Amino acid sequence: MDTVTIERKSNISTEHSSRIYWLGRYTERAFTTLKSLERLYDKVIDRDPEHYKKYLDCFGLNDIYGDYKKFFRSFIFDKDNCCSAAYSLERAYDNGIVLREEISTDALAYLQLAKDKLESSENTPQGLVVAMMPLEDILYGFYGCFADHVYNGEIRDIFFCAKSVERVELYIRLKYRSEKILSESERMCEFLKRIPENTPYRYNEKNLEGLMKMIYSKEYIGRESEAISLIARLFDGGAI
Amino acid sequence: MIKMKNRQILPVTNADEINQLLRRYGVKFGVYKNGQFKEQFFPFDPIPRIIESEKFKVIEKGLVQRADALNKFLFDIYHGKNIIRDGIVPEDFVYISSGYLPQCEGVTPPENIYSHISGIDLVEGGDGEWYILEDNLRIPSGASYPLIARELTRAASPDVFSENGVVDNRNYAKLLKDTMDFVNRGGINAILTPGRYNAAYFEHSYLAELTGAALVQNDELYVEDNMLWQKTYSGGKTRIGALYRRISDEYLDPLTFNSQSLIGIPNLMEAYRSGNVAIINSLGNGVADDKGIYYFVPKMIEYYLGEKAILKNAPTYLPFYEEDRDYVLKNIHKLVIKDVAEAGGYGVVFGSDLSEEKLADFRKTIINEPRRFIAQEVIDFKDLPILENGEQVMRKADLRAFVLSGETTRVWASGLTRFSRNPDSFVVNSSQGGGFKDTWILSR
Amino acid sequence: MKLLNFSFSTKLTFDNYVHNHSFALRCMPIESEVQHIVNCEMSISPFVPTKITIDAFGNTVTAGYISKEHRFLDFEINGCAEIDLSKSKTDYMPCYLYQSEYTKPDKELTDFYADVSAKCNAKDPFERAVFFSDILSDIIQYEKGVTDTKTTADLAFELKKGVCQDFSHIMLSLLRMDRIPCRYIAGLAACDGETHSWIEVWDGEKWLGFDPANNCPVNEDYLVLSQGRDFGDCSIDRGVMFGAYTKQLQLITSSLTTAY
């Protein structure tokens, strides 16, 4: 879209900073949910049809599905299941829609596309993975568009920081390999350090240090909830 | 093909593709159904309304004249009131109008502009003549829809635009930004929205994006030292010098107007009165787009500009004047009667719908309360073709033209053409299922 | 001509902390042809910078914003004014001829007006006001606690009870039905320990004060703080604040004494 010269400096409102943060977290949650469901699907089709129960365990959820097909339907498409990709996508859209002038109509269009894609693929007879793949493409498009269109560095920092925080949390929760967790955590630290002091998303030094110590020493294994609670308190004391 | 004088116009035919693009770009408006908020896509019809260059030049001149006179009228009403003293407009019509705000008496908006964005509704009569239906000088909406539709149709049907000389309408953002910059009192431009659940939220956010204005809500704003500020996330503040507000006067400042308003900014009126912030459109404009005042607009044009009105009003009668009253009483069966105190389509009665008995009652009411009503001839307006299930059908349509007043008064070379989907209906309102068309002004 | 010493204070207390508090006070007496403010001091606590403007009705508005947490807002004015009723006030506004938010009559009040106006032979606007007020004072009983600041003229008339504010509103409603421009006054009167309300009637050339609650013309023992179409334009203090408070308590004290 053509725009008239944008001459705004960094005067993000508190409301918008929080919207940007949650936009980052929810798009990433939708994305990583799809990715890990894809990996899981690969296991259940011929090795262990009950393997999906392990995924449920990671969220402390009971199996109310009975079989993996029902489980996958719910975790991809069900907007009322707060762990589903569809739910995260809706929340991402809710946060994005109020950020049009910050993130651009073009970027926002990818969220609308993703929602439409998900809704239209619910009834496709093909394999679920095939249904999921174009969605990932669209989300990649969204990230690219975001990075490309947003000139305000503070907005980009908050967004990519939130995205990274979400990924670390999900990787820990879903018991990803420790190398993957470590490299994402280091990336997260890089982003965190860019957020200016005296703003709501400036990290709490003590909690970040505690978290990184657990990650380096792999002490989080078996103590996932402890690590996750440190993530939840990552911004304690930030100016809100 | 649409035949125009001496040439043929290649129309846009891929409606589905364009509607899909509109969907992708989230072109929606909100509606409340059974108390629940829903977002709907605004149906787009691909057959544009086409206005020839020569014809548009006349309309343009007429609209500039009208907007200028209305601005002068507003200034006069809130200052010297010469037009009342000189007997052109009877005072009762001004002061009983709910849009007249005594709180604005003596307050002078930056650069003396009251109506920065005037949405003037017109219809084309069967005789090819354009008539003014009403003026919207408060918060006229709708410009964003033809704006984004043009962006998308140009992408989807480039041939159409290389064949037909259509004036590019995508300068609206520039016109709007120029207007905001011109009246800005220092600080950034901002668009104030009541929030995501407002019917026109798409428009608020889209115009903010295109003009580089901050999209703001009241809870991040405050008035201190009689200046308007936006709080920033680092604990700082940014001054706002021009506020394009998309909420109505009565909710704008709970300390001056409706004290129950939860979407307003306390003491905004103090900042405005002190000349520290421009409010777009200014407060109190409702007095000039009132049904009762409409009758007087051609007289205003003569009074303030010394010119004859170029664009005609629909023929209107005021029972307040004896001669008009006699005409109305005799011809009530073929007139539309409007109650000036009612707004939004209410209080509009077609004489032809009433029984003899009801007509007699109505005549009595008019004799008792002549000031309360205006009467108009029913205009036979020209229908426009729309595509319905692949077939062309004819429907009622109007045109909302946008006039922007800043350093100069400019008419946007486009407009929102709304049509009724129901063949018997005159109602072209989007919330009632109507759709919209692009409006092409030919460049040659 | 008379010199009056005035003082007026209000203490607003909240039962919990509030913040982002915007306020607009209309408590500085008006400067007019008949009322000259010799001196006037204002103090506000907690300390906050304020700005003063004059609104469309001629009122002095003191506006401020307190972002920090606080539990009270006190403000006080003290000063001396010279009242001279031999001069006349002429600041006319057309809106005073038309009914406003608080004065729109219902059927009962409209019928009452028809009845009273039929009996009234006076031509002069002020004499008509006196006539209306005489009848009103027989019907409406002065009683505190039955009405509040939101009570409209027609509601008070239905109750047949009220305080000075209600008397003023009913009178304004009647006079406007009679096509006589008139306005609401909030101020201090020697006869009242709190804020008082009365009206002014436009006689075609100037404003004349009349006190419907006491059914008497206004003399030099009245000090005008604010004026407007009705109470809504004149409230001495209006504010918007945020916080978990559920109640606010307002204590008002005022005095008006002759200065020698």
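Note that the chains take the letters A, B and C in the order they are written out, and that residue 1 is the start of every chain.
In this section, a contact is a pair of C-beta atoms (placed from the backbone, for glycine too) under 8 Å apart; a residue touches a chain by one contact, two chains touch by 3 or more.
Worth saying up front: this structure is predicted, and the values here are computed from it rather than measured.
S.K.: Using the contact definition stated above, find the chains touching both subunit A and subunit B.
M.R.: Common contact partners of subunit A and subunit B, which must touch each of the two, are absent.
S.K.: Taking CA centroids for every chain, report which one is farthest away from subunit C.
M.R.: Centroid comparison gives A as the farthest chain from subunit C.
S.K.: Determine which two chains are connected by the greatest number of contacting C-beta pairs.
M.R.: A-B
S.K.: Taking the mean of the CA coordinates per chain, how far is subunit A from subunit B in Å?
M.R.: Chain centroid spacing, subunit A to subunit B, equals 42 Å.
S.K.: Approximately how many whole Å separate the CA-defined centres of subunit B and subunit C?
M.R.: Here subunit B and subunit C have centroids separated by 39 Å.
S.K.: I'd like the Å distance between the centres of subunit A and subunit C, where a centre is the mean of that chain's Cα atoms.
M.R.: 59
S.K.: Sort out for me which residues of subunit B touch subunit C in the complex.
M.R.: Within the complex, subunit B contacts subunit C at residues 81, 84, 91, 94-96, 100, 102-107, 222-226, 254-256, 259, 266-267, 270, 273-274.
S.K.: Using the touch definition up top, name the residues of subunit C that touch subunit B in the complex.
M.R.: Within the complex, subunit C contacts subunit B at residues 20, 22-24, 49, 51, 53, 55-57, 61, 63, 65, 67, 93-95, 97-98, 229, 233, 238-240.
S.K.: Mind pulling up the subunit B residues that touch subunit A in the complex?
M.R.: Answer in residue numbers: 23-26, 148, 151, 170, 173-174, 177, 188, 196, 201, 205-206, 208-217, 219-220, 230-236, 238.
S.K.: Going by the contact rule at the top, pick out the subunit A residues touching subunit B in the complex.
M.R.: Touching subunit B: residues 1-8, 10-17, 97-98, 100-101, 104-105, 108-109, 112-113, 116, 196, 198-200, 239 of subunit A.
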